[in-house]
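One chain, chain A, links the two complexes that follow: it is found with chain B in the first and with chain C in the second.
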Partner chain A sequence: MPETSILSDDFVRELINVGEVDILVGVPTYNDGATVGQVVQAVRAGLLQYFPRERAVIINADGGSRDGTQDLVRAASISDLSVAPDIRALRTLHSISTRYEGGPASGIALRTILAAADLLQARACAMVAPDSPTLEPNWIERLLRPLLRDGRDLVLPVYRRHKFEGLLIRNLVYPMTRSIYKCSVREPYPADFAFSGTLGSRFLAQDIWTQDQGRYGTELWLTLSAIVERCKVTQSFLGTKTRSESGPADLVKAMRESAGVLFGSLEANFAAWSSPREPLEAPCVACEPTVSLEHSRLNRKRLYQMFAFGVSELEPVFLSILSSPTHEALKRLAKLPEERFSYPEELWVRTVYEFAAAYHKAVIGRDHIVQALVPLFRGRAFTFLTENRDASADQVEANIESLCQAFEQQKPYLLEVWNGRK
Partner chain B sequence: MPAQDGLWYKDAIIYQVHVRAFYDSTGDGNGDFRGLAQRLDYLQDLGINAIWLMPFFPSPLRDDGYDISDYRSVNPTYGTLDDFKVFLDAAHQHGIRVIIEMVLNHTSDQHPWFQESRSSRDNPRRDWYVWSDTDTKYKGTRIIFLDTELSNWAWDPVSKQYYWHRFFSHQPDLNYDNPQVREEMWDVMRFWLNMGVDGFRLDAVPYLVEREGTNCENLAETHSMLKELRARLDKEFPGRMLLAEANQWPADLLPYFGNGDEFHMAFHFPLMPRMFMGVKLEDRKPITEILKQTPQIPEPCQWCLFLRNHDELTLEMVTDMERDYMYDEYAREKAQRLNLGIRRRLAPLLDNDRRKMELMNGMLMSLPGTPIVYYGDEIGMGDNVNLGDRNGVRTPMQWSGGWNGGFSAADPETLYAPLLLNPVYGFQAINVLSQKRFDHSLLSWMKLLIRVRKSSPVLSRGSIEFLYPANHRVLAYLRKLGNETVLVVNNLSSKAQALELDLKGYRGNILIEMFGRNIFPRIGELPYLLTLGPYQFYWFRLRRI
Partner chain C sequence: MWQNFISELNRTMHEMVGSLGRFLPRFLEMLALAVIGWLIAYVLKALVRSALKLTRFDKLSEHTGATPLLRGAALPSPTEMVSRFVFWVAWLGFILIGINALGIVGLEEHVSSFFGFLPRLFAGLFILFFGLLAASFFSRAALLSGVNADLPSPRLISWAVRTMIILFVVSMAFEELGIGSHTVIVAFALTFGSLMLGFALAFGLGGKELARKYLERRFGREQPPNERAHEHEDELSPL
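Moving on to the complex of A and B:
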């Protein structure tokens, strides 16, 4: 039976009309009608301002929106049929949209866009989040220029974020990626990033698309693959990153997409991270301070309560995952009153490494392992918020750096538990 | 030549040639009218049916003849008035009409009229030119030759006043507010019309009249004067033609057609650079956009289309962004740039790519308008930017690989301009004789193209309707005249393309490819699928059988 194509016939027909391009900008969406119009307008402005001569296309892979998202993307087209008098463009700019099957799933969207980029022989591809109201036209330039001008393979973003945003990235994904893979990239799980056509095609050819990392957290997997392959990675400062208000974040889902993928990558790339390697440089272009200090409210008390509750409720699970000393230490922590509670970084690092080893050994269902990390992360997040409540931007940076060093120093412990009984 | 059809210019294929550059019959190193007459067989065989001659009048030749010092004679270098008459008769016998250049706007500063005018402020011809005590009048007027001129005024040390010039300072503008000037210039035109010339290409017509507070271009007084000329032409010489050189935007060109009572034809300047842009961008947008901005012109009128001519590829009628792009893509070397343009010939501009040359000529012959082929472009001649000004695109015609490229028996050192010698474009590589030997040479292909173009009036007189297929690399349009319809599909891309055309309105027709006359599938309910190779184009005649 022939393999089903991931690209619909109508989409292929549209790609034929687009033809070979120099630049492809991908926009994965799902019910992003409130923001995506502004995003694609900014993308278009960036293309016209910074790359007026390049053949470019904006491609939207949509997971089944019912709010007019696709029409908003298509409206960004520039052709001889739809001439806006205020737009000065040398050439046609297609802005096309396709709905993929099996969505919404960011990995399928990325795969759809990678397949289109491969067919169109795009030299450089940028992916932008559809819910970034702060996206400016110069983001397009900062993402794509290192690929086109400097021959880089992967451009990862650096944002200015509030000190209490991106807690999972700052407390787990960034420091662990840095220590394990020896590459210091601030946003290994990027929402806005860019890659060369060559890297995109190689990634598309990977055999991951029927696995979990081919559906969620795929962007992180791409980053880690590029680092393992020792591609030329660059970081580009984009600006302030905020997300549109879309309800409370689903922490279990976020943990699955980040820690789950990161743990999964350790197994696939064991040879790469378990032996000595030179660090991989990832220079940052036009970098600026990344921490901003605007007022932000977070419910710390609830974090504390959920940690304590989780330690108690999930004891049978933790018995399978954690070593006795670590487990005992967590139980002692859970008994501390809120005002004295602190989840030290060494213990946090040991916890994470033991979870990674347990994931490798699949001591219980892997998804359960990842989910069980959620309440513990809440405890760590509580501590991060407490430690940095009155901290300056430099102090926050210093604390993050300290955590990274803790991850690096304890890397031998990961190797120790990787093959040990626990 | 009998004016059997007053609209002959619509069906014309014009060949632009400088008599000095075409063929030297006397061996003095300069082309001449006798030489041109000897080569009429070649032009007839090529298929063209009109010649546009660049200025051949007596001139100090400081602007290649556009600085005329006597309007009623022939530059002795090119022969005599009798030689011209012999040539004119021979051209007509070959079925070729002759359009000559008429520079109305200015004369040479060596012209006796100007010499008289400058001799004293009281001279009767003083008012034949535009004089001023200051150089501050008409401040809003742009300078055209930016590379050489700092002002439109030049100081005359003889009569101690400034005179007005829109071009080089040695080309003083005539004063068309003076009725004597208007009468004299009509008399000049009548002189040549009586001899039998079929039309005039009127040079630099937007600039004839000056008025304070304007940009001194396209003024109502200029149009009024031109209409007066046209009325006289129609009355005394029906069937003769006026072609306007007005490098303007399409909307500004419309008044030059009047109500069909001013010019018969005008060059479509803004289209030309956009054809080059479209091919380089591999995108039809620049072409369709400018043609959408092109207004309908009166029924008896026609656009004149060209790819290259004796001047630089002008970039006056493009935006700054487009100009930068054109410079970067077509004139990377500074020496290739002149004024606001690019001084290169067709073949070098197109990287000597035969497919691109065919495509561009295919569009030239199928878009609405009368096409002009610049001499030498039919064989793919090159250029020499080192010759200064625009002389690099005015080198001798390359007839053969022999002595002086078959152009002249003179010593090579005495030629008016050196022949191209380089291994790619030199006369030993590119010449008429060698291309005549092969059916698939560029020359042979151009003959075929012209023959097919002339096979139906639909391409010369028909309307145009763009099709806008979703594939923007393809430019497709229908030309229609009466019951006849021709479909033209051009692939502007260097890669093969697939496209679907919405031809529902022509369901049931079969397509007949006009060059090979092969039949393509009948148009049905579904979009019509076509594939095109790199830079390929098709002309299809639609037939309901």
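Moving on to the complex of A and C:
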């Protein structure tokens, strides 16, 4: 077991004390003191309620929190539970908290948890986000049951989210993954997901852990690799997912973790997506409508302004990345007044595909290519918000479906620009 | 007297023929070296051109900004420029070896100083090339960061970064070549110092709000509720 070398001696000692387990639930944290106690309590409740006979362990991998996250995890792990009066734990439910080196990085946390799962020979492993205040005990059941009962390899979540949340997932990652890899998974970059012990060992054996995708966006990379390997993928409806209120979203970081990793995977898996393949089924268990419509306060004007500003200021960068027609179309778009502005689906798809090809050819630094996509995404986000401002859940779904179709129809164009023919 | 004149003339003629006899083989040697040198330089040029094409040197130069510069001056591509440079340096080297073989007093010193200069010339060009590459990379990074952080005038920031690095690199290259090194260093120090002072004043006077916000964000001080509300209003939820 060479991967145990990344685990500290104390942590290995604690794991050896636990012994073999059936279920491992991993909670990666970094300054999540506001929510992690509640999350760990819900995980414990879920394990006791739905898997009382299985040997289980909760492992918290912390990236060096300064807000007492680890203490909160430990406190939540020993607190009394009142799941239901008739529920008793049949086995000891272990909880371990460890601090990994080189953090904070979600990929290192995931690797630590995978190494622990490998050492404990867990049959099923679930990862839960530490910042989900809406996590319910039944999420654990919905994530783990398809692995233990149905022999699935990977369980991905489906959430009910506000129509204006997950804009990068809805406008790029989901439609592009679906069209390129022929597998319709709603959350290819999951925060909460589960996988079999066998698949976990395969994840651990990948050679990504010293590279960028082994630090950030690792969940997306592993999902894509499972799809490419034609693993048995299932989607499980979990419930409402709300974003954490810890601070403003860093769009550049999000772009690196999602689009950067997705573009990188295209290169690694070229043979898998460039030839015709049968779609990979990913059935959804107990699926419900995924779009909610509460009131939201988003400043669309600023998105439009930052798009127009980006298009004019980044002209020398776009000249290296985009084809002339696409670049000209964007410049025309940037001159439109806000009320007439619309970034059409076809142009957005063409833009994304040209960025993917430029990433492959490394026409400039790859990280710069990903960063240059950010202002253009703001333009697309503006259009998405405008189109769906008064839309019902069904209309929003129809618009997302239409974008997916556009990505699928233009897939030959990706191959064309990938091979250098514009 | 006439006899003396004839004997002196004969002696001079003999000396001249002797000198010519000694010079001619050396001259032929020089010509042979020049011809052989030309052939070797030509082969070197072809090899360098192929190697640069294989390593996509033109693409790399495009990133450094060297290609647009050459294009603007109606000069050939960087691959062509480098291969021609190698050709001329190699051939010139052989010609100078040939001239050295002529044994002309005073030239030998110049020839050896030329060969002594070559490593510095290559080091200077190396510094210049990678300096331009760094200038291009960091100026683009500054431009992208400026645009994504919604800073005013990101192009100006990018231009400033590029100019400072190029100034720094050029002064290093000149120092390596030993051309006006003191003047260049003083000029660089003055320009760099005044630019830094200018930025410090501009940031201190014009950007104190920005600095305060940055420091508050960096060190985690609570923001006033009205500012936080504004930030939330602008916030996108991408993932």
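For this structure, a couple of remarks:
The working rule: the second predicted complex is superposed on the first by the 404 of 422 C-alpha atoms of A that agree within 3 Å, B and C clash if a C-alpha of one lies under 4 Å from a C-alpha of the other, contacts with A are read in each partner's own complex, and residues count from 1 in each chain.
Please note the rule applied: a contact is a pair of C-beta atoms (placed from the backbone, for glycine too) under 8 Å apart; a residue touches a chain by one contact, two chains touch by 3 or more.
Worth saying up front: this structure is predicted, and the values here are computed from it rather than measured.
Shared-chain residue A:252: touches chain C; no touch with chain B. By the touch criterion defined above, A:16 reaches chain B but does not reach chain C. By the touch criterion defined above, A:271 lies against neither chain B nor chain C after alignment on the C-alpha atoms of chain A. Looking at the shared chain after the overlay, A:298 reaches chain C, while chain B stays out of its contact range.
In the superposed model, more residues of chain A are touched by C than by the other of chain B and chain C. In the complex of the two chains, the chain A residues touching chain B come out as 13-14, 16-17, 19-20, 52-53, 55, 79-81, 83, 88-92, 94.
Chain contact summary for the complex, chain C toward chain A: residues 59, 62-63, 137, 140-141, 143-148, 150, 154-155, 231-239. Within the complex, the chain B residues that touch chain A are 277, 281-286, 288-289, 292, 319, 321-322, 325, 468-473, 493, 495, 497-500. The residues of chain A lying in touch with chain C in their complex are 162, 164-169, 189, 243, 245, 248-249, 251-252, 254-255, 257-258, 297-299, 302-303, 306, 309-310, 313-314, 316-317, 320, 363-365, 368, 371-372, 374-375, 377-378, 381.
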